[in-house]
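As written, the chain order gives the labels A, B, C and D, with residue 1 at the start of each chain.
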Amino acid sequence: MSSTIGTLYKVSTFGESHGKAVGAIVDGCPANLQLTEADIQPQLTRRRPGQSDMTTPRDEADQVIILSGTENGKTMGTPIGLMVNNRDQRPGDYGEMSNVPRPSHADYTYQMKYGNRASSGGGRSSARETIGRVAAGAIAEKWLSEQFGTKITSWVSSVGDIDARDLSLEGITREQVDANIIRCPDESAAAKMIELVTATRDRKDSVGGILTCVAEHIPVGLGEPVFERMEAKLAQAMLSIPATKGFEIGSGFSGARMFGSQHNDPFELKADGRLGTVTNFSGGVQGGISNGEPLVFRIAFKPPATIGLAQETSTFDGESTVLEAKGRHDPCVVPRAVPIVETMTALVLMDFVLRQAYRNS
Amino acid sequence: MSSTIGTLYKVSTFGESHGKAVGAIVDGCPANLQLTEADIQPQLTRRRPGQSDMTTPRDEADQVIILSGTENGKTMGTPIGLMVNNRDQRPGDYGEMSNVPRPSHADYTYQMKYGNRASSGGGRSSARETIGRVAAGAIAEKWLSEQFGTKITSWVSSVGDIDARDLSLEGITREQVDANIIRCPDESAAAKMIELVTATRDRKDSVGGILTCVAEHIPVGLGEPVFERMEAKLAQAMLSIPATKGFEIGSGFSGARMFGSQHNDPFELKADGRLGTVTNFSGGVQGGISNGEPLVFRIAFKPPATIGLAQETSTFDGESTVLEAKGRHDPCVVPRAVPIVETMTALVLMDFVLRQAYRNS
Amino acid sequence: MSSTIGTLYKVSTFGESHGKAVGAIVDGCPANLQLTEADIQPQLTRRRPGQSDMTTPRDEADQVIILSGTENGKTMGTPIGLMVNNRDQRPGDYGEMSNVPRPSHADYTYQMKYGNRASSGGGRSSARETIGRVAAGAIAEKWLSEQFGTKITSWVSSVGDIDARDLSLEGITREQVDANIIRCPDESAAAKMIELVTATRDRKDSVGGILTCVAEHIPVGLGEPVFERMEAKLAQAMLSIPATKGFEIGSGFSGARMFGSQHNDPFELKADGRLGTVTNFSGGVQGGISNGEPLVFRIAFKPPATIGLAQETSTFDGESTVLEAKGRHDPCVVPRAVPIVETMTALVLMDFVLRQAYRNS
Amino acid sequence: MSSTIGTLYKVSTFGESHGKAVGAIVDGCPANLQLTEADIQPQLTRRRPGQSDMTTPRDEADQVIILSGTENGKTMGTPIGLMVNNRDQRPGDYGEMSNVPRPSHADYTYQMKYGNRASSGGGRSSARETIGRVAAGAIAEKWLSEQFGTKITSWVSSVGDIDARDLSLEGITREQVDANIIRCPDESAAAKMIELVTATRDRKDSVGGILTCVAEHIPVGLGEPVFERMEAKLAQAMLSIPATKGFEIGSGFSGARMFGSQHNDPFELKADGRLGTVTNFSGGVQGGISNGEPLVFRIAFKPPATIGLAQETSTFDGESTVLEAKGRHDPCVVPRAVPIVETMTALVLMDFVLRQAYRNS
């Protein structure tokens, strides 16, 4: 396990789908930030299951508790302990899976790595693990917003074969994202996505999707080449989210098909006196360092592995069997992934800001 | 700067295109590995410039020297110091760029981050920085090969709009990769790629491309969830290579368009008695942990930023200008990126093997 | 703040004397260790205040709760969340201190470092912070004991000017240590120490002391030169405990007065077939690596800073004042430091064992 | 091996007594510091062997070469590669030791840890390893001096039973320290120390000693509780130096014998408007954080293990034997340890300064 991320804004998470609680410790948050549970709860609420027919009906309050690190509604500079109690466990739902590793799930690899695995839920590989990071990232979001007006917004840009139009230059807000249950601000595409997810759920299948994330008002100079270039660390953060299969920034894979004369972002003086770029194929990063343009990146999520459809597979012992998963499952994880992507982005950015401070002072 | 990677197999690199030398320290390499410069040199030689018309004509021997950590041709368990002297510097070639940040290059961001930048070459953002990692990764390759028969092979799968056919299941060897100068084992595609790069170079432009990498004979159980899942760490490693814009593993972005019933990899008993999967959309990773199937991933490289074509851009002071880069430039970096991708993969895998050891003992 | 320690057995702590709870996350504990709260509680109980007249009368149950990382009484290999609720806070007791930094306390430095400080208790600098580490270290103790029969025992060897006789070769047990309230197994010295602490407390003063710690049945080969030599890491761990002023191992400061011909520990074949040393001036460590002999080290604790006696000092604004601390204070911390020293030792050793595993496999 | 230290000012060292070179990489040094080899050489020259009869006659120039990270005499913000070539190796001198682990030397533990050991010199456990750190620390010294006027001075305060008078309040300078070959500014004690070392050398024995170090003009607020308290990190740094057995700060072990009413350092307004303390039993640190008073600490060094006197000991195989070491050996290491202690102190302080920057900005 490696459940700690960050050099100066250091986040360590704990907890799984069973057990008493999930949570995190945030070490390195600057002192004197106004902070109460109410600042953290909104992103947890956006993440929690049971928000719509699109997501698993498991209903949990997921109320965060600050255990330490604040006094009188302000951070002390000391570690912030964050906890969310587990409530709705129903381990019985998963009992029958024990002899059959679920295809494309973590059952087999956890068994091989640790010599055991959670008897219920997905253990540490379940989406419930992400609660700690979302809570920790929500604090980073607040601090970045207060310091720089940073605005991080993610949305669903594809579900299965349905693509939203490119919204990355449109200044999308979280209100627009949350205007529909699939969290796609292109209403026309959203309707089709919802239809697809509904049909997929009804036939006990699941479907993948893509998130786009845009982070604006980012200081110039963030990122620590060579091994912690901005895009390297964002990629690590995003691919640490369950069910992710790909990451691209700016032009991404399509940039590999371009010529330099098309792809280069020429400089120009911006209205606010800043030296900016005319285009943004770089996605806000040059040489691994933020250039002041919006960070724009996309993350691919595979279809959830747990499906109700019958699957021919094998037991741990190598015997052929048919598996039909029971229990509650998301047919599509991307709407709930939106706050996870946003808060993970905030974690990465805040750590870079703190690490850059000595160069600016 | 963050020039150290790895927890137990820890690699720290130094050096830039100017200065006396580039290199690395490898700390944590197991003792009693047979090791001389001859084991490291081949990947450096594959990486070095001047190998063909496809790459920059800068000709440097790039001979590695082991400074410490071995005795009588064996590792001691102590830090291995690795050095390659810089020889062919010609700083004058780049002199005229000083007032104009090259579009999509690191000039602007380094200036803003550090308050200075290299007057010649690309400083630490130049490809020359990668020598240290390649040398360090070549040692990891040797160790992995001896321990597990691990075989890591990368090749050029796209240049511009030209795609090779999918070779990921064909057991491609490095000999096949090196059979042509573009390092694409699909000879038909390779010919077109070479034609495209030649034409691109002739009109002083550059072009992007995609590498595929396959790593076989990987122990089950590697990867450290949650923040250092196998795919997260590979993504970080790959996007720490200059000019990269995207990473995907297994099904990648195309997996986001699939249904779970298509995408899930059913288990089956393999001929060698191992529980494997029928398909490999997972790309060798489930729950962030290697499952014993080949790791398969792809990396997108943008077209090199430095081109001879005239570009309308701006000076550091915000004044419009036209830039025509002189000097020696790669029209396409992907052939030389092959050994970089392979050795960075080895670095990541070896660190995971050492970290997993206590669980297996 | 840097509240994380360890490379593979990684412990992150949170919490202070105010706030809802204190605790820790243990990441990296091997799976399948039998573990319940009952394994952790004894060292917390030995650490807690209110055990005798020697220590502060603050009475808290300090019951540990395992929040995650175990199932059916066994560790999963996932992060173990540990929590102890705060109960007895009485912030009013400390209210009058706010304008006067307590001499030799952390009030002034926390104010200068963080721009704030806890309004009650000592915040993160209070002894209550150590609960998380003791809980985390108790798990390490159990694992080391099961794996190697490791036995770590600390006791009070000095209080003020009263020294116990040298007990480091006598195989002292925890039962002997706990046989009296000052935790000194030399009964004659213990009686004088108790008398001294009682008299000190009665005149509202405090007094310092020294702990000795012996760790037996330690595998040969632990320690990671050069910067994490065994003695370096033990020293860091010990001097991270509040109120410590010195650390010495083996001969320590007295070794600096010796000749090599006296100090060298000759090798000899031991009865159990192991190559050991005749003497142990090295304290179990040579070249920064454990040699199989018992680790023997001593830690100096200053007298507690908070005393009831009137002290002439200055306000934060530089005005002279007289301070008489009220509230509940330990006149001598060393008895309660015993389990802290033992568990911190276990943290260090366990991390080294896990890091050494790849070399032994 | 763990040859990297520091979080933001990160130093990785390599090299041993055999091999081509020793050195270090410094990653994180701020850009635009004036730096050439001439800034680094003086401390290396103070460290090198052969300076007097007090130290080993091995004569090496130990000229440092900057391999990277600077241009035009200024740091770039990129990793600084530092190298010193090995020249005078004479491996034959040590050949006869191979079957007998030298008592209190690292031969046995390296063999057990790594399954091998250097056939000549002490390998990585030899004093030659410290060259990399001294070079890296010399850069930190320069930066701290320019930023804060920081002044770090260490001297020999004891050799064997001979103690210098307490000089910690006397503003000792390096010129005073270097005024005699034993590096003790108390001339009367120095003469006796030199006499003792000479006699010790003549009878082929060795002797230990103690260094005192004072660091003045330290910013308030440095140190990262809880696990990287100032004293914890200093202790780690000092006990990572070969041959060290103890560390104490401020009152140290003698503080354990005091009452709080004696030991507490009352605050008072200083002439320069700063809130300081009347006494400095704390040694410049409260709650693990620097308080603006001088850091004062002491380090115990054991007598060198390699002596010419005959020693009864055992072979690796457990057979009794007599060992008489030949070759060149320091009879007393403390004079040469002076620059090592100073530069290691600078490493620790500079890292803390960089880590504190975000709180001050």
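Keep this in mind: a residue touches a chain if its C-beta (ideal position, glycine included) is under 8 Å from a C-beta of that chain, and two chains touch if they have at least 3 such contacts.
Worth saying up front: this structure is predicted, and the values here are computed from it rather than measured.
Annotation of chain C and chain D: jointly contacted by A, B, touch as defined at the top. As for how the two copies chain B and chain C face one another, over half of their interface residue numbers coincide.
Rounded to whole angstrom units, the spacing between the C-alpha centres of chain A and chain C is 39.
A separation of 46 Å divides the Cα centre of chain A from that of chain D.
Multi-chain contact residues of chain A (touching two or more other chains) are listed as 1-4, 7, 13, 31, 77, 113-115, 124, 359. Contacts between chains leave no pair untouched here, as each chain touches all the others. Remark: chain D residues 1-5, 7, 13, 101, 103-106, 108-110, 112-115, 124-125, 129, 158, 160-161, 200, 205-210, 220-221, 223-229, 231-240, 242, 244-253, 255-269, 273, 275, 277, 281-283, 285-291, 298, 300-307, 309, 311-314, 316, 318-320, 356, 359 touch chain C in the complex. Taken in their complex, chain A has these residues touching chain D: 7-8, 30-31, 77, 353-355, 357-361. Within the complex, the chain D residues that touch chain B are 1-4, 10, 12-16, 18-23, 25, 27-28, 31-32, 65-72, 74, 76-81, 83, 110, 113-119, 123-124.
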